[in-house]
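What follows is a set of structures for review.
What follows is subunit A paired twice: with subunit B in the first complex and subunit C in the second.
Presenting the complex of A and B:
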């Protein structure tokens, strides 16, 4: 800080930073915020109540999508088209270092906006929320998404906390959307209590870290960490750092529904509407993974500079700690998620555990990316790209899965797996679509889920072969492999019920046919699951662009 | 970023191979559309059969130019040892994944076997009345998967096709199977998926250890990393681009991986974890994946269940083609890419082979269920394949004589093809009987010969082929394998010769219990009608081929011997270079190939199998 800088220049600087640098990069979020205000305004005036809140929200999100796409284009500058060249994404700090704007921000925002478009269309088709609840529902969804965008770009621990809360609080209300339904209220309460607890722990952790390092700005924290002789120096400072780190990890693990902070997830998914499940399982997870990348890379690496190599080396211990925590959580999450999914009879609960398991696979990729950061920057970028690709395919897989659950609920009035028995007799198209989605979730070629898993596993294998955290990564590989096999059982059981078993005698209604609006929605979601499994160069180029943030 | 746009160089085999590969899948896609109205099951059947026939004719056009008149450069040249009809298109440039197809003397006969058995299995599928359309869709998808494994030269592509087969097979067993179909289907799926996950780990291991910059220009061209169809400046530019790359360039190209694995300073030979080399790990992981498919004791238990529960045509495919995928994988991938591990684990492969040979035979003796007995006979017969592939007898006495080993590998290849014919035939014959009397209990048969003389004669012929009677196809492979193992280990040779007696015992006993005897006393005796024309059209070609290949094994050896001999000789030279420590040998091996081929051919001829010539 320049001591003789007076208030005027400071204000000028802030004004310039805000208006000329930050706000132009903040347009997608601004669009969401403006849409929220509009949605609320429409509730106030009787005339405007005629406006369908769903389509209003869709309009706002489309604007947001446009700006997000624009950011990707300007940032990538067409460079993302060349999939082999090493990309360098211009990194900028917004709002005085609170937010970071780089390729990861741009990619995740694009992903979230694109997901929202599909999601709103899906809710219009499925009919939840009804017209009465529409404005509330979409306000909450857009508000949560705004928080998630901030999670993806947080560069400051205070912002991390703010963003997590901003994404979580609307989610608690969303979980209780089915008013008058006991399970739904219980889910909301459970979620809120868990969330509050996790937020408290995380805030405590943040304050410990900030207290030791003297700042909340992550790049500065990383430099401070690098200047420490050793994490385990005397006087308890190291212990404070480690405990602070673990507490932050607990907060993030709650958002990721990572074991052992996952207990809320099955209950919330089972109690809340399938639509809410879709939102939480895709958008929330994508944002949480992005935030994990932000924090892990923010504290574990430093940006380019003259003493880059020295600083990176000095941060080795920090990265080792981060990798250890993330890898351990990943292995636990994956295994427990898959094992717990066995006994489930309710489709939403099964998908909840499936979501937990997939968070585990994603975290394996994050662990590999951090482990590789000190060894080979290119390989580390590939690992981030693998995670981002996974998120991209995950949007379609999980949204399709929840869409099928919701649409079948509308026609069959049940979300129990047993009620799907023998659907192949009457609705082969829907069963094939479900089959594609579930097999993709298992990770079998030639579907998108396989490519995602392949990319993550190959990043983990690359860290083994480059000797970056080798023993841990080997464990992750073995755990990932075993989990792929055991996950086969429960996904296939759903298919087995749909195809092998005879239909229940008391089934009154038919499921919806494939040639219908709901059918078209399912088709539109399932086609990418297949095509991204065969022609994945395009999405992978985008993912590599996102991975360039780890330079 | 598709595969179509850059046909930069002329690839005459592009359309023939692509059609053979994808025609069944395309037709499956068309069948899924509501073009043929509901209820017209016969139209679906005819479309399916016509597709398999078209694919068979296409593959025949490619494999046997003599029939159609050679002339197209896309056709296969019999007797040429190298990789032919190579198709190379970029798929995922970021990982150097390519749409790389090709056939050689090892894969071409197996492709032909696949397309041929698919026609017969399609014809055998006529009695399937339940859910006809989905059945045919899955059947055709399965055919694409099987052919894809045999023609893929890119490890990633290979893996994709390998996995593509799983799901159709799961449903084909699980929906159209017998009483315990669900158990059998999930067991099959789990075993194979466990194997393929291990394979995926090995693939990634090898990928990240590989670096194509270490290959010479000639090797780059020979392995099709740089297409040899490129000319002049393009070629030079492509070669320079590889060598001037600043970072290691990894590859999934199976040929390039083999060249790297056999190079003197192979990166795969570096010590990896727990004191074992990387190639040892990769070899073991791949081997587990492949022997589950073969299947070999102790990972064979899915096979009897799957066979017993699967409908007849699927049993034919399962025994005739799917089991061969494992043997093919070992021959194409394990040995060339991980030669060091292959050498040190030769005892393991051979031991597993002999154990399954003996165990399978004893288990077959103990069976009461006709189909289960045939299933265990497959385990026993595939044991010969393992033994033949494994006898790394080039080290015996340190003379690096590769003749005996080549004999074993040729025998194993022949055994795979012969078993494809005989086991498909045996399962079909069991199916014919089951369709009539609806049971398979060996104790309740007897006297079939009196009731169905034509069927019984054909069945006995096929069972004799399975038994390995001289003059029938089963004999050649078994005897070559047994002879070659003598050089490697006397004990194993004795065991495998002894197994022949067991084989004779269970097959003759089965023939005696089923076909001989005074009269049929089991249930549904009045349903024992003569074979229909459709059934004859399936059985007769199998019997004819069983005899033809038994009498004139050259028909097959002409295809396989040059390629097998070249691979074996290269690996024998590699062994010498490892032991004697002069690294130049690996490169020089290819030059001596032709002499070697002639030498082995002479050995085959002088051996004079069953009045062969």
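Presenting the complex of A and C:
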């Protein structure tokens, strides 16, 4: 043992690492944690019960957003706009290597905090949760978001598992928010049982990976993997690594609602309130993609060092394995999600399958990014940027879609597609807004969804030029193209019902008009969907900044 | 059989730190004749894991499924603790050290939290359906 490292210096080192290095970069999460404590305190004191929990949560999230924005500015050196993409990621390890702080962390946290602001405003307008449930609901939402922020910055297998659980456990409770409803309790039970099972399998896989490689710290694991001689793995080492990797992939696939671990998704979305669906489909998906990027790049690449090139070459086989698994899951997820969406009559179920399909497109981008990492770091960064841009536009598209479902439920008392028939005669504004959102989800120009899909597909196209991955990536490209065409039909069917079908005879209430508070919310969410399709360079600069983490 | 595992240290003598990864086999030649090592713990962990998965897939009672999940988590915990011991892993092999035990502690904590939420959800399901049979959770489909 090194005599210099006695207890005193060790404590000093830890103190410095915690207070001076880690905590300043951890402020967004600290704000969320403090808000959770405040929300719970307000339930205990009779006087403070008068405080509206929604606005309290909104205040805390705004602080968190401010600090997340500050982190982006510090990393970007104050001059963001066009030069951001060329800057380095500014990677730092926090809390002794448990978390990584770099541009991806900063971007995803900003995205999550920004989404939460919109989401809380949306729940205030839609009226679920009511005042009584408000404190519970926002506590759970903020708690899950805290876990998602950790998912985006996990650098250690302990944090991978902890973050997934911290994001999942509150989500199970959220799914059962409508306590008296049969469907809601069924959704929560299914989510909890599937989710806990997937987390258990993932933990077993993590234990195999960590045990064989002798460390839980992902960059160190990558170096250990690089030093393994792929031709010479005695005593089942290679088998244990492969099985462990597949089990971890199963756990991540569950969070991503990727086929064949997608069963929970439609049931949970159909049974839970549309508000919860919005949260799960956007925030949970963004965090899961960030975690997938973290794990794939954490194990498949090494940071810059003297023998960087040698180690990257040695990790080729690991990347090949990761790309194979992710690409296969992506192709399956996309196809099955789009095909199953056809027969749906419930709008929330249709959006659930649409969420599954979009997870597939996002995973295609991740597969391309990992495949490109070995040859061309710049192209790999662009692929990550494409995925991050997709997530950025996805926030607005999907939140708007679920907001329309929730607000129409409030006025029409139904979430069936058939009940939207003939809405264009009374509410043309709402139908146009829905049309914009759905066409953007298909990915047609000139809307935001088109740019996202274009960027992701062009990264996949780029990776077709790689010799090792060519057949797989070609298949991925073809599958992606065909799926876009398939998705056209079920999204447009909703619009067809809204415009051409006669209104149902038993309709008693009108939908909300566009000039009202709910209408203003929908407009505020739809305007970015249109404007990001035309003025996309600003968000893309941000996404390129996030992509710089893959260096 | 033994030659197979001894060979690499002779073939690759000069590799630095992680060279031990390739030289120390995960699975001993014959677990029945070897002294107790990490492999024996891995077998116990694997049995627990398999029992847990079987429990999760075969039980129709929600509480039985939750018990299966606990078994899976504890199977993984045994792996983590076994891998953290340099005594069990043998001379020169990489170990998780304290990390493995810390992970195990956190998993115990998270398992408790997860069980609490899952039990509350099961109780809520029982209040609405008057059963905890998961096959009766079939209202949502399509």
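Throughout what follows, the second predicted complex is superposed on the first by the 535 of 551 C-alpha atoms of A that agree within 3 Å, B and C clash if a C-alpha of one lies under 4 Å from a C-alpha of the other, contacts with A are read in each partner's own complex, and residues count from 1 in each chain.
The rule we apply is simple: a residue touches a chain if its C-beta (ideal position, glycine included) is under 8 Å from a C-beta of that chain, and two chains touch if they have at least 3 such contacts.
Fair warning: this is a prediction, and the values are worked out from it, not measured in the lab.
Novice: Taking the superposition on A as described, I'd like to know which of subunit B and subunit C A:499 touches: first, second, both or neither.
Specialist: First partner only, subunit B.
Novice: Once the structures are superposed on A, label A:428 by its partner contacts, choosing first (subunit B), second (subunit C), both or neither.
Specialist: Touch status of A:428: first partner only.
Novice: Is A:450 touching anything from subunit B or subunit C once the two structures are fitted on A? First, second, both or neither.
Specialist: A:450 sits against subunit B, while subunit C stays out of touch.
Novice: Which partner, subunit B or subunit C, touches the larger number of subunit A residues?
Specialist: Higher number of touched subunit A residues: C.
Novice: Under the stated touch criterion, which partner chain does A:544 make contact with: subunit B (first), subunit C (second), both, or neither?
Specialist: first
Novice: Taking the superposition on A as described, I'd like to know which of subunit B and subunit C A:185 touches: first, second, both or neither.
Specialist: second
Novice: Touching A:461 in the superposition: subunit B (first), subunit C (second), both, neither?
Specialist: In the superposed model, A:461 contacts subunit B only, not subunit C.
Novice: First (subunit B), second (subunit C), both or neither: which does A:10 touch?
Specialist: It touches nothing on subunit B or subunit C.
Novice: In the superposed arrangement, does A:40 touch subunit B (first), subunit C (second), both or neither?
Specialist: In the superposition, A:40 touches no partner, neither subunit B nor subunit C.
Novice: Applying the document's definition of touch, where does A:240 land relative to subunit B and subunit C: first, second, both, or neither?
Specialist: second
Novice: Does any part of subunit A touch subunit B in one structure and subunit C in the other, and if so which residues?
Specialist: Of subunit A, no residue contacts subunit B in one complex and subunit C in the other.
Novice: Give the list of subunit A residues in touch with subunit B in this complex.
Specialist: These residues of subunit A touch subunit B: 83-84, 378, 424, 428, 432, 439, 444-446, 450, 454, 457-458, 461-462, 464-466, 474, 477, 481-482, 484-485, 488-489, 492, 496, 499-500, 535-538, 540-541, 544.
Novice: Note which residues of subunit C are touching subunit A in the complex, please.
Specialist: Counting only subunit C, the residues touching subunit A are 4-5, 8, 11-12, 15-19, 21-28, 38, 42, 45, 49, 52-53, 56, 62, 65-66, 68-69, 72-73, 75-77, 79-80, 82-83, 93-96, 99-100, 102-103, 106-107, 110, 113-114, 117-118, 120-122, 124-125, 127-129, 134, 137, 139-142.
Novice: Mind listing the subunit A positions that touch subunit C in their complex?
Specialist: Touching subunit C from subunit A are residues 157-158, 161-162, 165, 169, 172-173, 176, 179-183, 185-190, 192-193, 196-197, 199-201, 203-204, 206-208, 210-216, 223-224, 227-229, 232-237, 240, 266-267, 270-271, 343-346, 349.
Novice: Name, in rising order, each residue of subunit B that touches subunit A in their complex.
Specialist: Residues 1-2, 32, 91-95, 134, 159-160, 163-164, 166-167, 170-171, 174-175, 181-182, 186, 189-190, 193-194, 197-198, 200-201, 204-205, 207-209, 247, 273.
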